[in-house]
Amino acid sequence: MKEITKITYREALKQGVREALQNDERVFLMGEDVGRYGGAFAVSKGLLQEFGEDKIMDVPLSESGFVGAGIGAAVAGMKPIVEVMTVNFGLLAMDQIVNNAATLLHMSGGQMNVPVVIRMGCGIGRQLAAQHSHSWEPLFAHIPGLIVLSAGTHEDARHMLAKALKSPDPVIVFEYTSMLNIEKEIPVNITRVDISKAKVRKVGKDISIITYGIGVYKCMDAANELASIGIDTEVVDLRILRPLDEETILASVSKTHKALIVEDAWKSVSISSEISARIMEKIFYELDAPVLRLAGVEVPIPYPLHLEDASVPQKNDIINAVKKMLNHD
Amino acid sequence: MKEITKITYREALKQGVREALQNDERVFLMGEDVGRYGGAFAVSKGLLQEFGEDKIMDVPLSESGFVGAGIGAAVAGMKPIVEVMTVNFGLLAMDQIVNNAATLLHMSGGQMNVPVVIRMGCGIGRQLAAQHSHSWEPLFAHIPGLIVLSAGTHEDARHMLAKALKSPDPVIVFEYTSMLNIEKEIPVNITRVDISKAKVRKVGKDISIITYGIGVYKCMDAANELASIGIDTEVVDLRILRPLDEETILASVSKTHKALIVEDAWKSVSISSEISARIMEKIFYELDAPVLRLAGVEVPIPYPLHLEDASVPQKNDIINAVKKMLNHD
Amino acid sequence: MKAEEGQHLLYQMQLIRRFEEKSAEQYTKAKIRGFLHLYIGEEAVAVGVIQALTDEDSILSTYREHGHALARGLSAESVMAEMYGKKEGCSMGRGGSMHLFDASKRFYGGNAIVSGHLPLAVGMALALKKQNKKNITCCFFGEGAAAEGEFHESMNLAALWNVPVLFVCENNLYAMGTALKYTHSILELEKKGMAYGIDSVAVDGMNLMAVINAANKAVTKIKKTGKPYFLVCNTYRFRAHSMFDAELYRDKSEVEEWKKRDPIAIFKKYLLQEKLTTEQEIAIIEARIESEVQRAVDFAESGTLESIEDLTKFVYSKKTEL
Amino acid sequence: MKAEEGQHLLYQMQLIRRFEEKSAEQYTKAKIRGFLHLYIGEEAVAVGVIQALTDEDSILSTYREHGHALARGLSAESVMAEMYGKKEGCSMGRGGSMHLFDASKRFYGGNAIVSGHLPLAVGMALALKKQNKKNITCCFFGEGAAAEGEFHESMNLAALWNVPVLFVCENNLYAMGTALKYTHSILELEKKGMAYGIDSVAVDGMNLMAVINAANKAVTKIKKTGKPYFLVCNTYRFRAHSMFDAELYRDKSEVEEWKKRDPIAIFKKYLLQEKLTTEQEIAIIEARIESEVQRAVDFAESGTLESIEDLTKFVYSKKTEL
């Protein structure tokens, strides 16, 4: 019997980190303000007191330096969880992530494993304007050598980290700051998630809605509303953005013969481009209609609420797009 | 009457830079080793002697610093050409390029123009291994606010820069280091190129081959060989990777009803993904067959020649792919 | 110092203070959103440094820049309207609290990537030098920013190129919740400047007169040499880092101790002591500020929102034609 | 110094020299491709520093790392085979000259992004500290690298965390074609270390005995304090930056001047003077090196190329299972 508990996204993340620290001596958390401040988003609040300075390390503002140090520590046998406060500051560490974390294994002919986990808050939704609202999953998903995860649900927020820490290769975990205060139910007796696979969050037959991150709940809400008018959508949460779980995607679209891809990231050269291209290549003849994308408008995110909202697909946009694709009125 | 002259890619680039310095007082060139060394690839050899230290500035190794300084100088009324020796070091300046160059105009409500031009060598082909062989056009093409150009021909290498310097917005120009010594003919009396448009390099009717950068000559060679066996391909050189010239792409594919996209960059979340997705969205019903992509193998580039060659599409791969798509044997 | 001058400086500090108190109020009313970083406690730094500059000099700042903007002469209206996200804001409402810009006043942000504006400042100074202009580029940033690689690269470039940048480090002892000693391996930040051969001085940032002296000296030196200068202002923020901060990392008593060194109180006392003002005049100034701040709120309230159709404006310039 | 020891050090320097001369030859024969950066002239630095380390200490280096690799004990065979792109190379042929790795010898590259390995070194030292190991992490880099932001961030982190990193700056006066004075606003690089409170010392990098003394002192100090240390070795590269360099930026006469301070010649003279070796013994060492280098070439020649089917090997670990 499935027991259910209510939990915020923040608490889910925190329990994940806490559990990781309890379960493995080699794990430590490092990042700006993770300790004394309690975490920029209060995810690590109390952990310094519980685990001490050796395990919860506040670092100076120096993203390239401390992410690189995390990579070095991983090479030398530790299991660091490096928190880059938000992806917006992640470009400062991009060279370390790409040219070192993603590349050392190959360059050394297989000798140097880099089992680092890098957590980054990301996404829009808090009126933080152009330099603090980026959705850069696509930039990281382009890079071979990285494993890129996206925690679009509370369950994944709770359990992804444990799996990520099992990886001998570098993992980037995207967490969504606009979801932190949202409470959802998650099953108590499910204690692991399969992060190598996309997850069908809702089974349906009329159309596949493929999404990740902030898109998951938006698409589920849209799907429920569409169900009430008789449209039966399937919602696929990608979860792992690199390497993509092509199998699950193609199976879904081969069944529904129609696909809409939804993401907050800027549209050009994005995850949704990639998925559309793969569907094209692999199952073109299964399609009853062109695959469409709803993605972020290509603008640095503006501060005012009405413009911010207009910058990314909203529930109604999804509903309308699906209706249109199904010629429903 | 078109007069023709023979010129290396290196010399073409150099003439472009030289002309820019001659034509506008506000132009200066800054970058690592552009002066006394003569340019890492000898592109700026002799320019220090000709134009002096004020116009040809050697800078210390500090990509974020000097690219940011170029952006600042542009804001303050100059027209800097910033050379990032190769894109491989460009990630160190990525924050400046994205969060400042691409964003200041928007963030300031239209007050701050950033007319900087950033030139980066890029691409594979010289056995420089994993950290020196990157093709990162896709990372930059994802960013609104940037104009991203790719000089796939000698003509563009010669004339793109002049146009780029006319832009009030930041321009990234990708140049291909493996082409530096290659000599080609270019017309003498054509002194400007339209960088806002893709260019059909060869007109044909059987299939559209869409490419850019290193891909252009490879595809032209393949096209010529295919012509000799009666296959009439159209070759489209994208030239501007952001914003994409959708019109030219769609017109070509609407005519040929088939498309193969060719690029050296890693396949996932790439330029070719984007083009495939757009064709899907806009002219699905024009397609006689699925759009296919030939792109870089998803591996950090290995050092040995045979593995390096195997990492990106070669002429024969293009020929074979076209034949297969046209059921030609 | 003349009475008028002294009173104007007091007015500026007090305006910043009241403007921000009002902003905090409007924030709790959800009129202002996003991040809001208050400068309260640090007013002497912005006012003391900026008074040393001319209108032709340029200024760059961080996300904690209301003080710098107001001291520079941006109107309270345009700043408040910006934080309301209104078209009448100094950045057309696109930027909000962290991105105040006014090119006509050579006020170049409002930058929210910590240390990201330092290279810009060096580049702007380089451009002016190439244009044979003698103006200074003044760049404010926190002590936290000085740990970033951009600080190192910018200091070195400015020194190598001999460009007139006034680097002002506002050392308020904390970068969010990370105290100076966890950010830097040496605590006398002025020593960092010396590693680039840059003139470097630390000053009591709670004392306006001290800041003024130091800033004037710095500016005189820069004008003479054309070289960069590093001014460390030791100060303290009385409020939380932003509106999201529970302040777990410092004791209330520490804050109270610092409040005894309130720069406004110190300067008021000085003015009174030197007979440069009277209690009555101060009351008049305060009343004037009160109505100025209220006008700013009214202005912001009655401002207009940009049309959603214009969403993609300002991504590229209209005149882009390649 | 014992005779045996002295002769071994001479052997190491001379091996590096001959190995690289041979590499240059093989490069012109197109047996080796990509970039090839020679260390000739700087041998005393690698040999002098590495002799101070134990096998348990870790080493990170740049793209100019043949010297460090050989001094660390990687075989000439495995390094030459690597440069031939053969499977028998120390990095399976995947890396080439710029990416020599041997985890079994704690030799961690072979890193070709200038300054990119400094944060790694700090992190490795941090890990060892957490594991209660006492070993040192030694990180070589050029003076050009010290201008990058990563240098600043890494020095600060190492000092804040009190981790035992030996930072060795090989100041060969040029970063490609950019002379020290165009790279740094102050020329005494050891002063940079002091800005982080790190013990910092400069030494004549052309004199092996001086390097040995300085390195031994540094290691002793680090072992005692557990803290980082900054050692600047002033040296010179006799050859071009890489095989693509026309050397327009320096005078031949400058190079000739420096060649008078050839570290190998100086050390040979010292050994003879101190009667720690004889001309005859030197001839034997040289003969031994000659055949060792030839064996390396033979080994590389007869090595095997990886199969193209294995192209995507080493992108992810086989054992990745999420």
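Descriptive notes on the structure:
Note that the chains take the letters A, B, C and D in the order they are written out, and that residue 1 is the start of every chain.
What we mean here is this: a contact is a pair of C-beta atoms (placed from the backbone, for glycine too) under 8 Å apart; a residue touches a chain by one contact, two chains touch by 3 or more.
Computed from a prediction, not measured in an experiment: that's the story for all the values here.
Greatest Cα centroid separation from chain B: this falls to C. Counting C-beta pairs in contact, the pair that comes out ahead of the other among B-C and A-C is B-C.
A separation of 46 Å divides the Cα centre of chain C from that of chain D.
One simple way to say how far apart two chains are is to compare their mean CA positions; for chain A and chain D this gives 41 Å.
Chain centres here are Cα means. That of chain A falls 36 Å from that of chain C. The set of chain A residues that touch two or more partner chains comprises 60, 62, 64-65, 88-89, 92, 95, 99, 106-107, 129-131, 144-145, 298-300, 302. Across the assembly, chain C contributes 93-95, 99, 111, 113, 147-150, 152-153, 156, 160, 182-184, 314-315 as residues in contact with two or more other chains. In terms of inter-chain touching, the protein chains here all touch one another pairwise. Every residue of chain A that touches chain B in the complex is listed here, in rising order: 64, 88-89, 91-92, 94-95, 98-99, 102-103, 106-107, 129-131, 138-139, 141-145, 242, 244, 266, 268-274, 276-277, 279-281, 284-285, 287, 289-293, 298-300, 302. Only residues 58, 89-95, 99, 101-103, 108-111, 113, 116-128, 130-131, 149-150, 152-154, 156-157, 160, 313-317, 319-322 of chain D touch chain A when the two sit together in their complex.
Partner chain A is touched in their complex by these residues of chain C: 33-35, 85-86, 93-96, 98-99, 111-115, 144-145, 147-149, 175-179, 182-184, 245-246, 248-249, 305-306, 308, 311-312, 314-315. Put simply, chain C touches chain D in their complex at residues 147-153, 155-156, 159-160, 182-186, 191-192, 194-198. Of all the residues in chain B, the ones that touch chain C in their complex are 28, 54, 59-60, 62, 64-78, 80, 95-96, 99-100, 104-113, 144-145, 147, 163-164, 166-169, 194-196, 240, 243.
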